[in-house]
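Okay, so chain A shows up in both of these, paired with chain B first and chain C after.
For the complex of A and B:
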């Protein structure tokens, strides 16, 4: 799945009101509104960290590319886009603003 | 004569709460006393209680229109709200409000409320109250079966239908079941870990823990029904994810969720977790045989009770069960009447059955759990000066001494015996209880 160009230019930020805890390499996010608990794996947990401040897909991919050497950029981008779409669908992202 | 309210002090998960219940018919109050008997305690006037609640009961007649009643109940589900200043618990048949009061540098909750005169409604109020208060003291209530195994505790969390009661029913000794429905876990830095407590909140097993005593928590074993018995280690984060689903919490505010999340993640990081894949027919021996590698070393190493209150509560449960209890006192407090190797016999007894001259054993409560003591008093003698006996609960009668299989005459004076039953007696009783 590829995001439309306008989405690529958008910035994303995690929903500030959601309590979360890091445990080992993973992160647990609780959504009190839906009473759902989400477990983020190591990479997802890192993206969650990056989303503390508004970031574009490009910025996230660039940051991850520096940390995960050897990861093909296109594959990283696809993963990030899918993850962001998933977070959005679950209501874990703050309303989006333009980058 | 109009029935009087009943005062009850319960200690669950290490938090004591004062309840003034009623007025209500004696049959109902007797039912309440019986249900919570293992968790009731005598109250010192200066008891360090977590809350005081005056609860009135209302008789609710059976609904004339059942559909309308169901709709009303569904429109008014259980709602629990708690801030730093107030706790409110409401449901179609419950309305409770407590306010925070500061005393001795700690927050104490004081409030009033009403609920339907039903053991289920009262139980609901108590579960909600403890679910709010425990996490504020690094403790939590968890939907789980809790079992004592040797000298440790194991918690088997699971939502409804995952086999909590089935597991409890398999326990060879029902006294080892801490609850088949809800247990309390508390962080206890003083002994470097976490402890598990039984509760009076039970499911279909229809009985809860036998005392306030806690056990070192060695494993969280999340229940899963499978075709064979296996114990599969799971990661701390997976454990936390599952435990959050089983934690009793009615609040959804950010502060509460953050506190609970931090508590659960710390617990899961420090205690081993497995998925306990069980079959309906698996025996307790088979289950613990598979669990053994995950329980750490020294599961048989005797661990002292966390405090005097837990110890006395457990002693009371033995006495209630066996009616007669013998132990060999240590130390020189009783000499010259009791020599090395002699046993002291305690018999369960009602106050009304005591005669002048009998020596009675009392649970004398203190302000904190460490301040509780066992003391003796000879009926008809004046109380020793300088000792507080306020709120004391009589546990039994010192019925005899024995040595080498022979009965010995009871001591003619009391002072040595009273000294024996000071707080120094805690460990000897414990060791002799085989715990």
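For the complex of A and C:
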């Protein structure tokens, strides 16, 4: 993934090998290492999809903004950042680095 | 040995507190007919010759008409098709799954497909290097190891392989040493029922989850010598009133049209070593073969699966009026192999239900009368999480 400059926000990608399955709007993610199971709601499931490839917060917010018309960008950004922090804390992100 | 689908009865064992979320996923797959759970028999080859094996009589030569087993590319393709159909949990079994030279490639393929793997094995081929290799797979949920006794004398007499008990325990320790999750699956039989308490003690000492399973059925080749290893009625009662009492007593479950059918051909599917698609690895009723038809086509429209999905309670003519049905585990594989009909019965399963009902009534009566009752926790299934 090409980043335009070094000040671009960090990029995030989900752990490649984690078993998961979409269940209608929700997605279930299984982590055999911790033996934990996570259930992602509709928005979280969409972000999980976007994290198949490395994405920055800006990119995720932009994609969600296109899909959730009327959602205030700042609110989306807060939700995305909170969710990414949660994923990171649970060890579900593969990498996180400055681009 | 041949291991059965772990999802039918005791899927929650592997996930501890996550069982509720998994239950939700399983309910979703049941409602939406998505094969979330699949068992794949990688091969029927096995290095031991268990008396109770449900595949075929391992003391006899294989039938000449047997179809060739699926090749490695064919199994990979089936995994692709299962994933496309919504499969998340794959149980790799046999025969002895570890006897397949490409086992690791299959686990890795499942990893690339974001599928969770549970490996079912007799444990005798789990050398230290194999355990270390298994540990490298992030998608390996755990290994289920079958045991047939608490002593080498009893276990080895059932496997007909001297030294197998020691090798299996060496394998279990190798897995534990490298940090792979292990579950013990004890099969209780006429030959080892007297060791039930000792089996549970060994699992408790190890600190591993374990399952006490009384399921022994006729073989899928039509022979029934395996039934000679089944506990008899008296042994069953002795077990239920003795070392298995805390597991055997359970509350009744509601029997409605919505929940009466089991997960066969709804959230569960089995793929045999020769490519037959069956409703569950325990139920030898082929709905098609992946060599002849895409899996998705078989899953969606095979007459066998449509028939199974269409059964109503009334179609189970022996079960529908039965007073014990709320306590019955309704083992369809046992029913099919015993009676020749998916909606038939296996008298052994009926005896289990009757006894479970009786024990529940006795406990209820004692409780209402204020009598002292041993305070063992009530469990809904013969599985214990430790």
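Just so we're on the same page, the second predicted complex is superposed on the first by the 90 of 99 C-alpha atoms of A that agree within 3 Å, B and C clash if a C-alpha of one lies under 4 Å from a C-alpha of the other, contacts with A are read in each partner's own complex, and residues count from 1 in each chain.
The criterion applied here is as follows: a contact is a pair of C-beta atoms (placed from the backbone, for glycine too) under 8 Å apart; a residue touches a chain by one contact, two chains touch by 3 or more.
For clarity, every value in this text was computed on a predicted model and none was experimentally measured.
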Using the superposition on chain A, tell me whether chain B and chain C clash or fit.
clash
If you stack the two complexes on chain A, which partner ends up touching A:30: first (chain B), second (chain C), both, or neither?
both
Quick one: classify A:39 as touching chain B (first), chain C (second), both or neither.
both
Of the partners chain B and chain C, which touch A:20 in the superposed model: first, second, both, neither?
both
Dual-contact residues of chain A, meaning touching chain B and chain C, are 17, 19-21, 23-24, 28, 30, 32-33, 35, 37, 39
Interfacial residue positions of chain B with respect to chain A in the complex:
235-238, 240-241, 244-245, 252-254, 257-258, 261-262, 265, 268-269
Show which residues of chain A lie in contact with chain B when the two form their complex.
17, 19-21, 23-24, 26-28, 30, 32-33, 35, 37, 39
Of chain C, residues touching chain A in the complex
14-16, 18, 21-22, 24-25, 28-29, 32, 36, 86-89, 111-112, 114-116, 138-142, 181
Chain A - residues contacting chain C, complex:
15, 17-21, 23-24, 28, 30, 32-33, 35-39
